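The next block holds one structure in the form of structure tokens; read it before the comments.
Going by the order they are written in, the chains are A, B and C; count residues from 1 in each one.
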Amino acid sequence: MSSKKRILIQLDTDRLPSVFDRVVAVDAGCEHVLAYGGVDPGSVRDLVYGAIFTRGGDDLRHTALFVGGSDVGRGEEVLDAVKRSFLGPLRVSVLLDSNGANTTAAAAVLVAARHQPLAGARAIVLGSTGPVGRRVARLLARAGASVAVGSRALERAREVAEKTRAAIPSADVRPVATSSASELEAALDGVQVVVAAGGPGACLLPLEARRKARALRVAVDLNAVPPAGIEGVKAQDAGADREGHAVYGAIGVGGLKMKIHKAAIARLFESAAQVLDAEEVFELGKAL
Amino acid sequence: MSSKKRILIQLDTDRLPSVFDRVVAVDAGCEHVLAYGGVDPGSVRDLVYGAIFTRGGDDLRHTALFVGGSDVGRGEEVLDAVKRSFLGPLRVSVLLDSNGANTTAAAAVLVAARHQPLAGARAIVLGSTGPVGRRVARLLARAGASVAVGSRALERAREVAEKTRAAIPSADVRPVATSSASELEAALDGVQVVVAAGGPGACLLPLEARRKARALRVAVDLNAVPPAGIEGVKAQDAGADREGHAVYGAIGVGGLKMKIHKAAIARLFESAAQVLDAEEVFELGKAL
Amino acid sequence: MSSKKRILIQLDTDRLPSVFDRVVAVDAGCEHVLAYGGVDPGSVRDLVYGAIFTRGGDDLRHTALFVGGSDVGRGEEVLDAVKRSFLGPLRVSVLLDSNGANTTAAAAVLVAARHQPLAGARAIVLGSTGPVGRRVARLLARAGASVAVGSRALERAREVAEKTRAAIPSADVRPVATSSASELEAALDGVQVVVAAGGPGACLLPLEARRKARALRVAVDLNAVPPAGIEGVKAQDAGADREGHAVYGAIGVGGLKMKIHKAAIARLFESAAQVLDAEEVFELGKAL
């Protein structure tokens, strides 16, 4: 048995590294969290070298990396730089969870699956063009759902659909415009699962449109700041029946999200060659 | 019993967070100190959210905040931003000790009280316009002393007196000018307690003036850098008799200050809703 | 027995403090590593005061300082500022290892000594003008070798020789130019030990020149990035026989370097008044 301490190196793209991620890391059993703020792709190599050149052999798995910060696109660039810095077997495990995007998307899809088997289901992602929405779409498609990716601008939804198909060739995904009430109504027709992943300040699914969606079984709203992204859903909702739908709000999803986050951190230290992005985090959440 | 680690989040307004405060936090039993430098009021909310959204219920008390840095005014702004970021019961305990002002002021008043009961006593604070001086004046007034707040500029002393009365309506406090030897002599007449809280480089109380203060019992000089703020007091003095007065220098007060600092950190983790500013730190020091 | 935690304060001149140094510190038994990036001489005093004013008496030895970062010259300035900030017996132990220069130089000289007694030996340092080369020259000279310090520019080699003699009056050291094949051949004549300490990108000792050096016993190449600084030496070499010489590459030296680094960190906590620079680190490595 090695006596090496568990070290998590937190690479955060914000100036001040996230307190949230540091506390979760401690609670997940990390004995030392080496927190870095203001990390950009150019500063990654030296930091990764410090991780891979200090401990040898099996001890390497006691060091791991976490990529975070509020900007998911920037986090993805840092993750790419991390992967490019590994030298063959000289590598450590890494989790990407900028803005909580991966753990949130995984939790959203998992709570939906409690009420509706996803294989063969019809689902729609509202506000699908942001980093969380894109991940939710990918996870739903991979689980075998037929997925509509919605945006007020059809062009942007098309781009999300294309990217999803590029990642998952078998994906059944189509873009839908959701700017008018009639477009939204048409998009929701026959849909069992809706996930709203838009930013704060906009209601993406009014109550009236939700009532007309007769096939709807479960509605997940990931926006925590009023007004609700799905009208009638409260942030604390965690499976409550509202208008005949099982509904979840951001805080209601938060409990599972936190469990997944901690499990993902713990998983990092099981072996040294893992890259935990959306799909891996989802699989890990499924096994909880 | 919870197995949660004690986490202190150090919000420091200086670029490099204080080593002093970090070491004291470790010695006071904090298992993880999350040190942030360059903290301004605008960056506080996200940091506080990370503190209050990661641990639930009774576990919240194992996370606490410390506001520090060399600029006390800036620290007070950060403390205000911290308090505004709490969401009802979602809050953690917080200690303000920028520049050691609260623990120093508490220690200064407590060592004075060893030699002179403060209720009904007459006291003067020299260099009262700085952050430590203001706190000493408040603590003396609250303890029931009749307090003269001194400054070379009467106008500035008036402002301190007004602020003290605004904080403590029952305060018996009056401004005094101390720029000339005769003013100083008049101000010290009948006074039992003097605390010098001015910055380095100035002697606020010459030996001659001190000898003329016939009622004087105890003199506390908080300036550690020569020349002494109270002539004839050495930094190491801790109750020594000099010219018939019990005197304390900055280092002599330091032992108690350190005890209070550690006790205040430990206190943070007893419950989750405390705000420890000058008065709370003083009460805590009194109980040691 | 004191229950004080071992605290290492890492003063790093780079913006992001070295992950390498933090992980080694943890593995060497430090319970808290207080990592500071962007440290310059002007910011040192307050940091050192925080180290020396927080723990008293024998407990002071549980706090120590580490000066690191990629710029060795800057690290030396920080070390000087650290020493100037100590107040008599109020001091803690400090290790300088910017860019790994001290531990690398010590390891290089120690592996050479495995194959050739250094007292009375003839040695040459190629690329001697950098911080590692200067240290290697000093350590070889102090061990009693006759040392040639090489540079493509004789003028720069002269400066290194003068500095070495200034540090060690008894040093037998002479500058040599190594820009042409014939100069190099002459410089290597009769030499038993060669250490190449140049930067990446340049081969300082071609195979042909090495073959002609008939007295050569051991060759140490500290450059890890291809091309090799000494042709025919691989980074992993650790005493391999190549062309009749025992050879070491940067990674081959790395194992001993790491042991020395950890031992130096552990040594810091044995007493409070140590300054570990090249010579002290070398002595410590010799005792391993």
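One rule holds for everything that comes next: a residue touches a chain if its C-beta (ideal position, glycine included) is under 8 Å from a C-beta of that chain, and two chains touch if they have at least 3 such contacts.
Since the structure is predicted, the reported quantities are computational estimates derived from the model, not experimental observations.
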item	value
Chain contact topology (line, ring, star, complete or other)	complete
Numbering shared by both copies at the chain C-chain A contact, with half separating same from different	different
Rotational angle, Cα trace of chain B fitted to chain C, multiple of 5°	120
Interchain centroid distance [CA atoms averaged], chain A/chain C, Å	46
Contacts with 2+ other chains: residues of chain A	none
Chain B-facing residues of chain A, complex	15-16, 18-24, 26-27, 33, 35, 70, 254, 258
Residue ranges of chain B in contact with chain A within the complex	4-5, 7, 9, 32, 34, 36, 38-39, 43, 46-51, 53-55, 63
